[in-house]
């Protein structure tokens, strides 16, 4: 009977995947349209970014004409939609550079930063959270828990400032900021620039992850099924692995997904401290200059990232816990 | 980033922390009341300072006679900032701003979130699916971006910051409320109450709200701390209230230019932030078991 | 302990990373290194690469004199020298200018410079859709003729004594070049290497340059959005020089033998600009009273410490028609009160001050508020974004008073335009400005503009709070860098690094 069950389960998993994918695309499109409208309803004139004091009214009009904001909303919308269909994000109002390559070069900084910080946070949080729960009644268990309590109360940029002061300005072992102009051509140089930012983000992220891992572990350790499994003869490690991880991991995975997703753009604060040319700072600059194509492009990419990460997290949950596999609905 | 609105506590997302049945007076319960006391003292200290700042500060807030970046001495206990303003004074005003932001955001986020969550909790099938998905998307929408759009629309001010943070918070609160409401609605006593003729509004008031209330309070307490951190980040990026804003985040932003020559300015506001947020989190921890000591772990 | 081990591991990894991958190499020796690349730190990134298309202050800094050259060059001391125009002649009636171009000049693409390129370049600035800040000043041009490849003849509609000076801002561009917003084709000693927006802009030595080769092999401009990050980069030797410090706080950390701080001449003025067409600032007496009620010296000290200069009018010390007019409306609270009463406001009045939200405007606004309170004037501070300022104040003139910094030199002539945003309308001054432009000699021009200067000070057309300092901080290994940074230009070809 097993093969049949697996096939049926896989089939429903496949259908589920397709449904989620369709949902993802529709959400993306909807979000983009809403953003397009929202931006153009905001006060402020993108043409102002191109002007200097001394500009005549004719020059002001000419600027608006060049970037197309003097046309009615409907006329601006269709070309943009067409651009989207061909995976082009248009050109920046301010720099006239195509938006796509610019976003790509920012991603070359933000993606490694986020992923490496995430990995480091996991490496720290999983063992520490586990120990904090397993030995929760000891002094070091409480200490770990207390430290994580402190960790979630600290603003990320403060940690960044402190790290820069110590490691870059005082000890001069790492750069104070910036990113090599030739990107990843020299990987050690690029990694040196990312070292302190990665540690900053990882410290803050791990503090909060520790609490989740600890909570999930406490759940598992005190659970009935673990007691049952042990009473039936399984070793502690075996029982924890077979039942504990499966059950405990599910909520943790969903949290991981959210943490990773929000760090994408949320890392802008860290980018500011370390002068990194990442996605977040591009967005801040674009909003400041009312550079709509860039804003839309960045948000499209980040919404896509968020939705994809959420989707992957969901998938991971279902793979870990067979009970969720053949379920219908989200 | 957990400093910007994502939940950093299990309870903040509706995942109940591991609680076993606890008898009052046991070690865990004693530890919890310690948490409550310590948290209360920390927060109380900040509140005291903020209230005092309304009536008295060592110097008038705009007073620039202190000499730039002077070291701590008898006249200025923590020294002065780059314009000669007394740091203690600015910290006190910052305490006021932090508490205003936290309270305002929690009020806005709480009210909006609970109402939305109630509605979502009652929704069925496709409406339920849609609302759940919508809430998920809203939660994933970075608070920072929301704040920037609000600032672009309304100009930078404390109100804009509170509005943005409150809106972001309401999505998380709504999601939690939805889960809790659904759980309550699935209980037998609800069906019983309905069959005996109680109207929906009365059911909500008499059964639903009292049962979701404890968990919500804990969650809102945690969100308070997150709101304070979010405001600090916004001020740091220049999206908070405009100068002469004295929010702790703004103080840190101003101090980082002179962190080597005048370190106090870069340390004191950070310490203040940590104390307040830790205090609030400890209170939330303490409330969790005080509010519902017999709560059992549920999956 | 797990956590200790982990932290230890992180520290080791961090130190290991620090060991490999080097920082900027030190050439070690004391003599100049002709192959050195100069790392420049700046807060002003170009918005795009075309200064007639909204490129902004940043593209002037990076490209003026480095990548693009004009017929004339404005030196760091404010002198106008011939550059691509080897010589020029002016007809006796002052309406026809004949420029003879230098021989043997090539663009970066290899094409030779001809008069057609010059004609194209000038017309680009005066074109209808040009965003150039110099467009209105060159509108006096009636026609441009190119009788041969080395001669350009420009005919003006009326005399313009500043014409040659204005031409120093016009880039000479290859008339066949495309995509000028994202690429370049100029005649300068450097060509564009790469522009990584948000990060760096690289210039490399152009081997086919007609003139003296640069003293270095290239320049990399590093762009920062925060002054702290910029200073940190200088402190850790990621950059060799910072083009313009924005506040004196961070200077203490450079006060040692490794760095040199220079205080040059600046043309940026902070103005409290009244709307002269709106009550109560329609009255000269009120404007004078407000000017005398504010202690400019104290404000300057609190923002800039020991740096910066006080000015009594719109003209900075580097302009030829400068005069010290700080005594015309001196700081004198008693005098202010008297003037207020005489103007009909013995009990003061209330007004809204539209304040840009970036430094130093909010600080200045707070200071002004407390100063004016002492004479009974209540100030409501309305903080707005740069964007709002353009729309509300500059375009719509919907304000009573505002704060703003003005960076250009020779901009006293704006007081001759009654439609300018501050609404100063004095027909005599307007006449003098027109006459000054049509002077036959520079002495004449100077005399007339001095009269303008004195008149606007007497009329307290605006309140000129102070002149910014121009502070450049560089590593001691560097020499030959510009210290005045007139109009944001930063000539890099003379910089040597030892």
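Letters A, B and C name the chains as they come in the text, with residue numbers starting at 1 for each one.
Simple rule for what comes next: a residue touches a chain if its C-beta (ideal position, glycine included) is under 8 Å from a C-beta of that chain, and two chains touch if they have at least 3 such contacts.
Keep in mind it's a predicted model, so treat the numbers as computed, not measured.
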{"item": "Centrality ranking, top chain (CA atoms only)", "value": "A"}
{"item": "Centroid-based (C-alpha) most distant chain relative to chain C", "value": "B"}
{"item": "Inter-centroid spacing, chain C versus chain B (mean Cα positions, whole Å)", "value": "45"}
{"item": "Rounded Å distance between chain A and chain B, as computed from the means of their C-alpha atoms", "value": "22"}
{"item": "Chain centre separation (chain A, chain C; CA means) in Å", "value": "40"}
{"item": "For chain B, residues contacting two or more additional chains", "value": "256, 260"}
{"item": "Contacts with 2+ other chains: residues of chain C", "value": "385, 388"}
{"item": "Junction residues of chain A, two or more chains touched", "value": "43-44, 169, 272-273, 290"}
{"item": "Of all residues in chain B, those that touch chain C in their complex", "value": "62, 64, 68-69, 82-84, 155-156, 242-244, 256-258, 260-261"}
{"item": "For the chain A and chain C complex, residues of the former touching the latter", "value": "43-45, 48-60, 62-63, 65-66, 94-97, 102, 105-106, 120, 123-124, 127-128, 131, 140, 144, 147, 164, 167-169, 172-179, 181, 183, 186, 188-189, 191-192, 195, 199, 272-275, 277, 281-282, 285, 289-290"}
{"item": "Sites on chain C touched by chain B in the complex", "value": "227-228, 231, 247, 249-250, 252-253, 302-303, 305, 357, 359, 362-363, 366-367, 370, 383-385, 388"}
{"item": "Chain C residues touching chain A - in the complex, by the definition given at the top", "value": "1-3, 6, 10, 14-15, 17-18, 20-21, 23, 47-48, 50, 53-54, 56-57, 128-131, 133, 135-136, 181-182, 194, 196-200, 202, 220, 222, 224-226, 229-230, 232-233, 235-236, 238, 385-388, 390-391, 394-395, 404, 406, 408, 411, 414"}
{"item": "Footprint of chain A on chain B - complex, ascending", "value": "1-10, 13, 15, 17-18, 20, 27, 129, 132-133, 136-137, 139-145, 148-149, 152-153, 225, 229, 232-233, 236-237, 249, 252, 256, 259-260, 263, 266, 270, 273-274, 277-278, 281-282, 297, 299"}
